[in-house]
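Below, chain A partners chain B and then partners chain C, in two separate complexes.
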Partner chain A sequence: MGIQERLIEDVGLRRGVSRLTPEKIEKTIGAVLKGETGARLATYAETCMRCGLCAEACHFALSHPGDPSFTPAGKVHQTMSVLLDRKGRVDPDFIYGMAQLAYTECNLCRRCVHFCPIGIDTAYIISVVRRICHKLGVTPQYIQDTAHSHSAVFNQMWVKDDEWTDSLMWQEDEAREEFPGLRIPLDKEGADIYYSVIAPEPKFRTQLIYQAAAILHMSGKDWTMPAHSGWDNSDMCMFTGDFEMMGRLKRRHFESAQKLKVKRIVMGECGHALRSVYDVGNRWLGYSYPPVPVIHAVEFYWELIQEGRIKLVKKFPGPVTIQDPCNIVRGKGLQQKLREVTRFLVEGDIVEMHPNMEHNFCCAAGGGVINCGPPFKNQRVAGNTVKAEQLKATGVKTVITPCHNCHGGLHDIIHHHKLGMELKFLSDIIYECMEKPEA
Partner chain B sequence: MHPPTLWNWEPGQRVILPSVKCPETCAWIEEPHASPDGERLAMLASLADGGFTALVNGEPWENSFDKAWYPRFSPDGRLTAVVQADGMWTLAVDGEAWEESFDYLWGTQFSAEGDVIAACIQSGGEYGLCLDGTTWETLYENANQPTLSADGQSSAAVVQVGSLKPADLDDFAAGVFGVAVNGQSWGVSFMNVWTPTFDPAGKRVAAQVRTSLYDYSIVVDGNKWAANYGCVWEPRFNPATGSVVAPVRMAGAWGLAQDDQIIWEPKFAQCWHQVISQDGKNIAAIVAPQFGAFTVAVNGKPWAISQPVVTDLVVARQGETVAALGNTFNKDWRVMVDGRFWDGTWDMAWTPVISATGGHVAVKVEKAGRQTLVVDGRVYPREFTKVFEPAFSPDGTKLLIRALDKDAFLRIVAEVGRA
Partner chain C sequence: MNAAYEFVTGPLAWLAWGIFLLGSAYRLYSMYQLALKKDAPSVSFMDLGFSLRSIFNWLIPFNALGWRKSPVMTVTTFAFHLCLIAVPVFLVAHVTLWTEFFGISYATLPDNVADIMTLVVLAACLVFAGRRLTQKEVAYITTGKDWLALTIVTLPFLTGFLAYHQVFDYQVMIVAHIVAGEIMLAAIPFTRLSHMVFAAFTRAYMGSEFGGVRHARDW
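Moving on, here comes the complex of A and B:
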């Protein structure tokens, strides 16, 4: 089996390849390989020994036993290796399959890096493949639409300027019934904390804004949220390969915080957004680190607990298990803080999945894969039976994970495999268990 | 009109409001804002019996509203706030609401002298701008990134001129975004348009555009530059010549282009926030000569000093003084003037203010939660709870300091040589 035997029809991919010519393909691939890659790609390409150890690392490969085309080395073999061997002389049908594989069968989760004896970063290679696909105009419809939204309104869900602040005021009104005097301070210059979210929160998960406001209010922190664009810290352009737009989004995000002269950015429970502000987007702009320090919600909750600013009236009944989001664990090493926060909140056992922490399996939604939309949903869920087995083996009914994509991915897996588990953000539990004025 | 020439520049301190405390009639007060002349302090107040108003030197507006936010003084000293009554939003100016109200209103802007006030509005799902209570005749499916000319006579925004179906890649690629000036669309549209900006006379508009996923350029009054670039940042008009200057990215490096001709060779890891002196002879920009090291370049030549992050670039009218702020990822802020660091580091610093005469620079700074000013490199010998942006007298000899000291709002005029 290979990618060409499991093609899925997608409007964006079909539209893209219909406009390709052999000349354009060769020229574009050559331009990216020559102009945007260097020793790193060449080293990876020349040192892979085909040892197969990466096969043990990839949830797609483990979920399709016996099919080497799902292994990290197999994915590179079907994409970048062909481009290099043929010097970019490939046809549109090849590009279709290459794009499908790169966007929907690799989560860029970087688990395989840990298993490679020579440290090949397959996620980097697949990112270069995605960059080529972007340059060729061959991207899945739904994630490309998300990228368009980013470019038009600086958030991923076409939220207009008024809808943003109106959502915040709505949540403030709601929360004030429960927390008298609560404010969601907008554009407060000089605040200690700039709280940023991803666009699904004002669009359809407004309870997360409510909960964050409640936690920040009760903790007594000096905080603000921006009343202008730049509030969305997410970045699907990073995953389509549109790095220019990724940089534009990150610039808007950082400068919206700089304009308010805040001390730091605290971001909600999202994994890929951290990757975009802490690792990738800042560097495209020329910054070696984020120009304004960025703290993930897990770190922030941990800090509040250390300072005694979260007071509980009860603990959440366990047992629970933890899904480690790749981008905050392999990306920033927050696995222990995640557990310390969870232990603080939960009474009863924390039943670990195995493997876990920096060796966790991805939810299969990350890396923009879930954003490729309905055409690829079944493939995505089928690509993570290993996660379903992990979840089932814990025997618990509650999964805590501080990442939007993990919620989306695990929700589909839990539903498909009828696991009967519920998903929780940390803020769900903090809000449920925290001391409230009326309690 | 209450221009700085008419402000009280008599040196000395006056206590404008001895106690900034929440009155019994209010549940809370917040967001203190000082008037430009320092004669008034305004705060939003939540009334104990419901509703919101503004307190000016402790006295409430006659009117109260269901909601109020975003209090801002115009440069001519009028206090504005975005207010809601009966579910509709409008702008209150010195307590009086505009006659017209909207489903939503936000983003207050002022002309340079403050005589024109504008805001974004949404009415019946259509978007546009409202100036001094008068709304654009044509509204759009969306309008954002508003801008007002310096004289307030013209307004512009990025507008969506066509509809998009869900996940509509083709129509998006064909381009449904343009610029509307005074409500009228240019008639040309692009895949994306960003940051429209007026020339100093308010007659011309330049903006960034993307014509395909890969082609970025600058458009001036609807006419795109011939060249496409790998990326661009916001354009600025040369006040003296009318030329348009914008950062452009070529082969992975940034430089500056003027009217589509390269004037700073693309050799920087970053180049943005260009500022042009009024005489048009000096162009300064924040640049990164190498990855991770930012500084200021003047007429293409980078300063010898660098910082991990540089922000808040300002240039004197004639370009004789250039100031910016450096920091190490938001810590250890330093003031950079004409290629040299001032002594001292700060927890935070605000945009430098240069006197109209060009010879003096004042910067609001904060350390350990206390705020003060640094003037021409010397720290003002007094700290405050909060300092508002300083202002030089028109002749540059005095400095207006507006500050909260514990509970009191102070207005201090200091002689610059002694500040």
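Moving on, here comes the complex of A and C:
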């Protein structure tokens, strides 16, 4: 049992490992452990009592009953514990397995936090393992490609500056048929709201920009989108362990909002981007909290509803269930607002999954795992049969899923298990049910 | 035998307590310095209220999700830790020693209660050992350090129980018991048992992050 018995061929990992020497490995691991870690890692490594309580936490472990190598402590046991015990003297083959495990078998979802009496943060430990892999140049090819895109064009999907503005103008053009007078205001200085998205939105979920524009337009908000780089709030570099690049990305993002002198950033329905902007990237730059206030779409819709700015002509027919995205629930406690927004939009039952809210099961796509691409897809889907069972038990056909990664992850699970469920962003439902000029 | 008893209750006891207290203080101090130097982004989020909230919630049996999902372990570990601390501190024979050496005296546990509590500790150690041997997810991650910690904790209670019931030679057993207790004290700062020193702080940190930043329960 263990990662070495389930290795998957990946070009990025293979090529990275082929360049390694034992000396380079030892030196790099030593540099990260000594230079970048301190009391947190030391106490976690020393005081983990190896009690195994966390085995009950992880969707990977629960989906592979009887295989302890998928438990949170089991994953640390195969990676960081070995690095510490051997003081970095491990061979390239070990690094291959370590990288595959850290990048594709842990979503950094932090559910295990609810199981460790001592308060060990396994996600942090695995992040340090990823950091070492990044420094060694051993990263899965697909996610590394997105990281390269970040460093070249400051967005995740190789969207060029002209393609970006072109996409926005295209959506504006389309939307003006339905909403005469609608604008997607570019670079409007002093706007109340800077609306930010992740690069997959202009790339292949452009209707989400359309819907956001419609909601912002009909709610009468003063808003803008930037015409230049910095618009993408996503961050695969945070997940590959390229923290220097993560810092550059977040700086560009915050500065683009600051240059426009906006009051705050409203971000679309994405989980990992919130983690990057609100929790991780800001700290790398030395900000305890984002230098420009940031709120997630769930909070924003909640506000609009409180202010009476979303007018519905109908309600969405239930029953529905709700997927709690880790990064907005365990990351910012938005579970209640998510339910209040859903209650406002949906007629009929909200059938809860169990466990739910901050005890939810991850979608198995987050933490950069889905971004590692097709080679690891089967393992990812197999790693979340508990989610399939959870979804099936609700007996409903609609899953409200306010996170891009959750969409991707659940889509694959639903398809694989033939659950026949459809996924909806909140904005899909708001757009569908809201008052429109012709109506 | 008297000389051995004198030695283990005299110089060796001073040594063991010295290593325990000074060692723990040193470990805490140096870990704090390391945290200030390397973990500033974590230290700056520490919050007393959220720390205590987290510690309090984890001290309630079956309150945390993890406790609820492993009921046998929950009952075992709560009973174990309670007895592990209460028995040595409030045992009549131990308090007598404090009185004899330093003139300190305080409340004690009735001997028969302490006896049962000792058995609870030993039974819990058996459960822990059984889990390490038979439960896959525990066996997989168990290392020599974990067996060492378990052994160090088991021995003082085992020898104490045997000495109290005068099984084998009492004189030998009581010296063995004292030595075992002293080994445990001295081992606290430098083995897995150091969670006694650090756990409150790792718990507090997690509580602070989840309370102050993530606005979610961490239990």
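Quick note on the criterion: the second predicted complex is superposed on the first by the 439 of 439 C-alpha atoms of A that agree within 3 Å, B and C clash if a C-alpha of one lies under 4 Å from a C-alpha of the other, contacts with A are read in each partner's own complex, and residues count from 1 in each chain.
By our rule, contacts are C-beta pairs under 8 Å (C-beta built on N, C-alpha and C of every residue); 3 or more make two chains touch, one makes a residue touch a chain.
The shown structure was predicted, so the numbers you read here are calculated from the model rather than taken from an experiment.
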Given the touch rule stated above, what does A:Leu84 touch, chain B (first), chain C (second), both, or neither? neither
Can A:Ile295 be said to touch chain B (first), chain C (second), both, or neither? neither
Per the contact definition in the header, classify A:Gln258: touching chain B only (first), chain C only (second), both, or neither. first
Look at A:Leu423 in the shared chain and tell me whether it touches chain B only, chain C only, both, or neither; answer first, second, both or neither. neither
With both complexes superposed on chain A, which partner does A:Ile8 reach: first (chain B), second (chain C), both or neither? neither
Quick check on the superposed pair: does A:Leu53 touch chain B, chain C, both, or neither? Answer first, second, both or neither. second
So in the superposed three-chain picture, is A:Arg183 touching just chain B, just chain C, both, or none of them (first/second/both/neither)? first
Using the superposition on chain A described above, determine whether A:Val351 touches chain B (first), chain C (second), both, or neither. neither
Where chain B and chain C land on the same part of chain A: residues 36, 283, 288
Would you pull the chain C residues touching chain A in the complex into a rising list? 31-32, 34-35, 37-39, 41-42, 44-45, 54, 58, 64-67, 69-70, 73, 77, 131-132, 135-143, 146, 149, 192, 194-195, 198-199, 201-207, 210, 213-219
Spell out the residues on chain A that touch chain C in their complex, using ranges where they run on. 1, 36-40, 42-44, 46-47, 49-57, 61, 66-69, 71, 73-74, 77, 81, 113-121, 278-279, 283, 288, 329-333, 335, 355, 358-359
In the complex formed with chain B, which residues of chain A make contact? 11-12, 15, 35-36, 134-135, 137, 141-142, 144-145, 148, 151-153, 160-162, 165-166, 169, 181, 183, 185-188, 190, 227-229, 242, 244, 247-248, 251, 258, 261, 263-264, 283, 285-293, 373
So in the complex, the part of chain B that touches chain A is made up of which residues? 27-28, 30-31, 67, 69-70, 103-104, 106-107, 120, 122, 127, 142, 144, 160, 166-170, 172, 177, 191-192, 194, 210, 213-214, 216, 230-231, 249, 251-252, 269-270, 272, 288, 291-292, 294, 308-309, 311, 329-330, 347-348, 350, 366
